């Protein structure tokens, strides 16, 4: 492995930040969901990269679980977004403000 | 070796760019496509990291599952004629 | 109970197994008559399962399973799962809450189209929460965490035609997903730094200079857990989620889910990131002090001006998270760890009953169709004296008045902060306690002091909800004289964890 | 087991009354309250005084101790106990509680016309908590009862009070709750400072260890700082309850809004909790700090006396007048306590009982007048003596009792306090403080006479659309009982004073500390 | 013979029993309780006389501790009730019970026959008063004395305010109690100081505080006492003496606390006679007599007493000159006469003071009762300018009133002459030997003699002489036997009472004929009384360690003659000014001085200002401070909390993106703080 692992850290951090940025600026719930996926993937990049570094499979295993959970999360998320859409007629997260203060 | 580094650099670029694309484009549909790109390039990273199984899973689960779900979501929520049903605040 | 020794080790997972198998049982029962939910049977099965889990936890706990004099913690699956006093203590809390919530759900969700789903989701979430307590690896922790969270999102949004419920679900889900991502990233950073995800292995790896990556990971993990316990500034989901969710679900989340968050905090921060080892890079005790104080203060002051009872209770619940955080924030070394930690655990136990009770009362009012505002509660005392009395008991106990166990457990926390020489914590606790007395009393005042509005008429007295209220009330009250037992258990359980 | 019996019976009575129909609640509660009354009187008769319960050689009557649970700190364990018992200080207050409760219950028959069963149930609940406060000897247990008093009190004010009752009730609750917590911190700093010098939270043990100078350091405070710190926290905590100036502002609101019987209990017993606790904690456990700062404490006492009296002078509402004068009267108690002389401390304790009776009486009278006229404002009525001769007679008698008329208990109490504080060697320039406080007796005469002149005498005039007549017998009777007690105690204070003396005298002995914490030298 | 001291407590307790009886059953008793009161006071009178007789026959002074008020439990001061009956107390008991008895009788006419309502209250209060006064008199210690002193004040309050339906009486009652309370405050401080200093407050016995104090000062004895503030022993004794004097000044209506007494005339006239002339007002003076051995130790205290007394005697007399109401004149006269007694006490004239107390009790009670008779006759009109010519219409009243007036004015040979002469003589005797303050007092006293005679006879002339000036005076209401009888008894007494101590002519009749002096000097007429005797007091007075008074021996005839001449001048003035059928109001000629005098030197206004102009605003300011300052802080805390709560509440915007942003910010903040603190990277 010739690529310095720090670079993977940087990569994952970039992806993570991109996701975070998406969450902060996007109003569509689906966008939100995708941004979260990016963030989860960033974690996976770390895990897989350093699984190699540390020479054990723990990271990979965790990455697998992460994948599965991400999928489950998206499933739940889509469900919620659908009922949101039914109740509020759109999926703009800033519109659902019946409860505040 | 250099190839590795080149590949990393290339796909890192793709990953970051498409990630940014996901969050920057306004259109959800495009964002979903870009997300697919990003996730695929991450899968390539996995291959580079000798985690081929994870890479395969990445492609299967994300692109095969998540992306489809998202597409489904986009499809359903874009339809403005959906019945709203009874809503109570 | 010595015969437990003859049981296989995996039997220690009993509570979790009981819950998850009940969840499947509920699915199966539902399949019998999918179109027309059989409320009694569903509730009965769920109740049986949760009671079984409660019974098992209590049995193990009393028998001393996984505790020092029994031979230490039971480690399963190469140490990825651990069953010790702490896990069983929290299993008890979770299953107790579940019993109450299931009882209440019988009336609340009766006739609901997805009745079975609600029960099974609750049972699954509870399984996750119990598992959280048994996790001894970040992998298990994360999975259990998600197992607890994902059903919760669905539960919150389960009134799918209710905008509030859906909005609450959305917010809960979005913030939850974000927090999960942060947590996952934090865990990945810890892995980056240590190369391991098993708790003891991580601890073992800390001895070397771990540096910024690791510290970053710790803080991100802290943030992830902070979401679960709804500590400021990770609490934003909580007011809306609790307010919008169906009453029993709010009760479940605010009590059990919070406990699950705390057990991870306790275990991870005390055990995995020992203060002595990491305090140079991440002085997490100080972080928790700051978070605790800010949490208490913001939550209690915000609760002051709430107009809706449920939202006020939500803030109160956040405030209580701040109180319980004292259990980690006061681990300065000046006070014995098991005492400090034990007082937090004891408070969680008492809180499980009084807070669940309070939310279940809200569930009852929702069931009755009484409004959500404080004024809508005017005169409930005369219409439903029993339920209102129980609510009064819960509220005063939450406020720390000596009518329920909350009095002693709050005093214990105060003692812990005094003992640990964290003056600011003590002051914050006292001030916020007094502030909280004010807002709790607003509800009490509405129920007993104010004149009822004319159209207020309470007719039904739903059995399940009343039973749950009565049970919670009795427990809240009994924990005053019986607090000694709780705190002793908590202290013993805490002893194994604390250095 | 006698005390437990009384406690359990009172609690059971409360529950029974909660469940009884409104119509019978008043009579039922009154009847049931006779049991603790008789019980406490029996205790009194059976009581052989033998020193202070908190001191090692003290003899606690009716003591019963059962371990509750143990909690562990780093190096030491503390056992919490169910620990009850009485001595010469607590017994008179216990009897005062039971007597006043019964009388207050009778005096509730007229003014309480809604939700009776709840009212009487809460009154009995409060009695239970008050009995607990005066009989428990374990700190945490005591604190449970101490705080438990607040709950019934809150409801009693909030539900049956006057127009601003909600404000008054919540103010009372918050204020006193805050004070309790402050006090709690103070007390536990001491307990932690004592470390393994104590193994239970029994008052006796804590007091013994503190008086033996076993206080260590805690929270970075050396023993002498710690005891001062704890003393201040305790003092502030209790001063709110007493209340002492400047922690008094909850009192007039609570009093004015509370219904008559509740005011009776509030002034008669609840305020005594504060002074009782001051005596038990500050002056018994940390006497050296009290001695060292005697001038400051005495000054607070004098300030309360004079300032409270001045405030009373400015009031127009009869109830406010009596309320503020309570502040004034409680100032004497502090002065007496800090004197550390037999008559000072004894007189202070006697004043607790005496003021309980007299202020109870005054509130009852004002209540009866209010029942008849529906006003309490001094300007709104005059010449009541014309229509309600008995009530007015009692008003006059009670007022003079308040002014310290000889042969009524108030005089005995005050003169004992004055004698005690005058001779005090602890307070520097004690005669000046004493004389300052004594001026209160002039001001109190001023406002009470003024109020009497304006309301009771002159031509009869009250704006009502009905005829103001004499009060019913059951309103008058409790006042006569109180008046009788006041006079009996005024003529023969020794009935209770002897027991009190027995209990407080040992407190006046200079401490046999190994080291004087303040001078570093030996105490004489 | 049965020992009278076996039931001497009954002197006071029987009236107490009467009080209880009347209070409970008064309405159903004959004469609404009057009979009970008469019987009780009659009983007390009989016993008192018996006691006097017993003492005169050689009985021992009675001094017993009877009742433990507060047992000191070996560590504190023990407080006891006890009885001390020595000649002084016996004399006072007799006076009190006699006047009380007569006043009860008189009340039958004044109250019952007038059909007053509330008689039960009236007689109950009278009985209570009698009880308290008698108990005060035979108290054996200062604390007990104080207690009954206060009770007496309560009765005074109740009786002044008897007609509570009017506005005046309640106000006067309040004032009376309050002003005396002000004095009593100092008294109580004094009592406490005595207890604190000597550990006992007993008047008599081996360890009485008086003897202790003497022993401390007397170089030939050794004694111990506590002193405070680092004062010397004599200075501290002076302080205590002056403190107790506060009560005396209040109760005996001395300047400046005399203002309550004229107002107290709002009460029924028999009450004025009993309480505000003969007995209660005497309590203050009696107290000084009771502890005279103590006062004699302090020259400063004595001088102050003399000065207050002399000044009051003169000062009150000036005000009496211009009053128009009968009872007002008498009230100021009372103040003035008690000034004489104080003057005598300050001037070392113990016997003179007791003597004047005795005669004054008789003639002033007489005058008040006479005034009461006139008031009844005039249908409660008290203005003397509305009277006139009553002499022929009510002769018994006139003659008895005249006797009383002669006694008051100090005309030979009426009782007042002898006693007043004694007062002046003793003051002069001590004053001449180097006590200038006493001479000042004497000067005031002598000047007051003129004024006394002048206002007394102004009163007599205006009331009884000349032509009737109103229709009521034309045809006054007749009065019954029950009013006449007391008048006659007292009339006779005021004519002859001087005989007990004919000091002015002792050169002719010899010392042995000075019965009162001998009575006070010994427990029997020829025995020894120890520390309570006038002789002992004299001894102390003349000791260097104490007051250090000396006596300049002058013939009593000279000053006696001078006093008589002065009185006659006053009398002559009155004759000259107010004789005739249509007297003119000469006092109006005084102009602004009259206004000043009519307004009592504006002292009342000053005191009212003290109460309402100074204290009330202070109280209001305190109240305002309390409401806005202290309570403002309390409520402000609440408001600030609420405001904070509102702000915190608004953090929750409802927009989930904001939540995410805030969450992230929180996380970043945490990271930054830790990164900086922990020195990462």
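Letters are used for the chains, namely A, B, C, D and E, taken in the order the chains are written, and counting of residues starts over at 1 for each.
Rule of thumb we're sticking to: contacts are C-beta pairs under 8 Å (C-beta built on N, C-alpha and C of every residue); 3 or more make two chains touch, one makes a residue touch a chain.
Values in this document were obtained by computation on a predicted structure and should not be read as measured data.
Peer 1: Under the touch criterion given at the top, what is the topological distance in steps from chain B to chain E?
Peer 2: 2
Peer 1: Considering only mean CA positions as chain centres, point out the chain farthest from chain D.
Peer 2: Centroid comparison gives B as the farthest chain from chain D.
Peer 1: For the chain pairs C-D and A-C, which is connected through the larger number of C-beta pairs in contact?
Peer 2: The greater number of contacts lies at A-C.
Peer 1: Among the chains here, which has the CA centroid at the largest distance from chain C's centroid?
Peer 2: Computed centres place E farthest from chain C.
Peer 1: Which chain is the middle one, judged by CA centres?
Peer 2: D
Peer 1: Provide the C-alpha centroid distance between chain A and chain B, rounded to the nearest whole angstrom.
Peer 2: Distance between chain centres: 10 Å.
Peer 1: State, to the nearest whole Å, the distance from the C-alpha centre of chain A to the C-alpha centre of chain E.
Peer 2: Result: the chain centres lie 97 Å from each other.
Peer 1: Once you find the CA centre of chain B and the CA centre of chain C, what distance in Å lies between them?
Peer 2: Whole-Å distance between the two chain centres: 35.
Peer 1: Going by the touch rule set out above, which residues of chain B reach two or more other chains?
Peer 2: 85, 87, 89
Peer 1: Which residues does chain A have that touch at least 2 chains other than itself?
Peer 2: Where chain A meets two or more other chains at a single residue, that happens at 19, 23, 25-26, 33, 44, 49, 51, 81, 86-88, 93, 96-100.
Peer 1: Any chance you could list the residues of chain C touching two or more other chains?
Peer 2: Residues 161-164, 170-171, 174, 178, 182, 239-240, 438 of chain C touch two or more partner chains.
Peer 1: Provide the residue numbers of chain D that touch chain E in the complex, in ascending order.
Peer 2: Residues 171, 175, 245-246, 248-250, 307, 310-311, 313-315, 341-343, 346, 383, 385-386, 396, 400, 403, 405-407, 411-412, 415-416, 418-420, 422-423, 429-432, 434-435, 438-439, 441-443, 445-446, 449-450, 452-453, 456-460, 492-494, 497-498, 501-502, 505, 508.
Peer 1: Which part of chain A faces chain B closely enough to touch in the complex?
Peer 2: Contacts found on chain A: 1-3, 7-8, 11, 14-15, 18-19, 21-22, 25-26, 28, 30-31, 33-35, 37-38, 41, 44-45, 48-49, 51-52, 60, 63-64, 67-68, 70-71, 74-75, 78, 81-82, 85-91, 98.
Peer 1: Quick one: in the complex, what on chain E touches chain A?
Peer 2: The contact residues of chain E facing chain A are 649-650, 652-657, 660-661, 664.
Peer 1: What part of chain E is in contact with chain C in the complex they form?
Peer 2: That would be residues 641-642, 644-646, 648-649, 651-652, 654, 656, 658-660, 662-663, 665-667, 670-671, 674-675, 677-681 of chain E.
Peer 1: Given the complex with chain C, which residues does chain D contribute to the contact?
Peer 2: Within the complex, chain D touches chain C at residues 68-74, 80, 115, 140, 143-145, 147-148, 150-151, 154-155, 158-159, 165-166, 169-170, 173-174, 177-178, 181-182, 184-185, 188-189, 192, 219-220.
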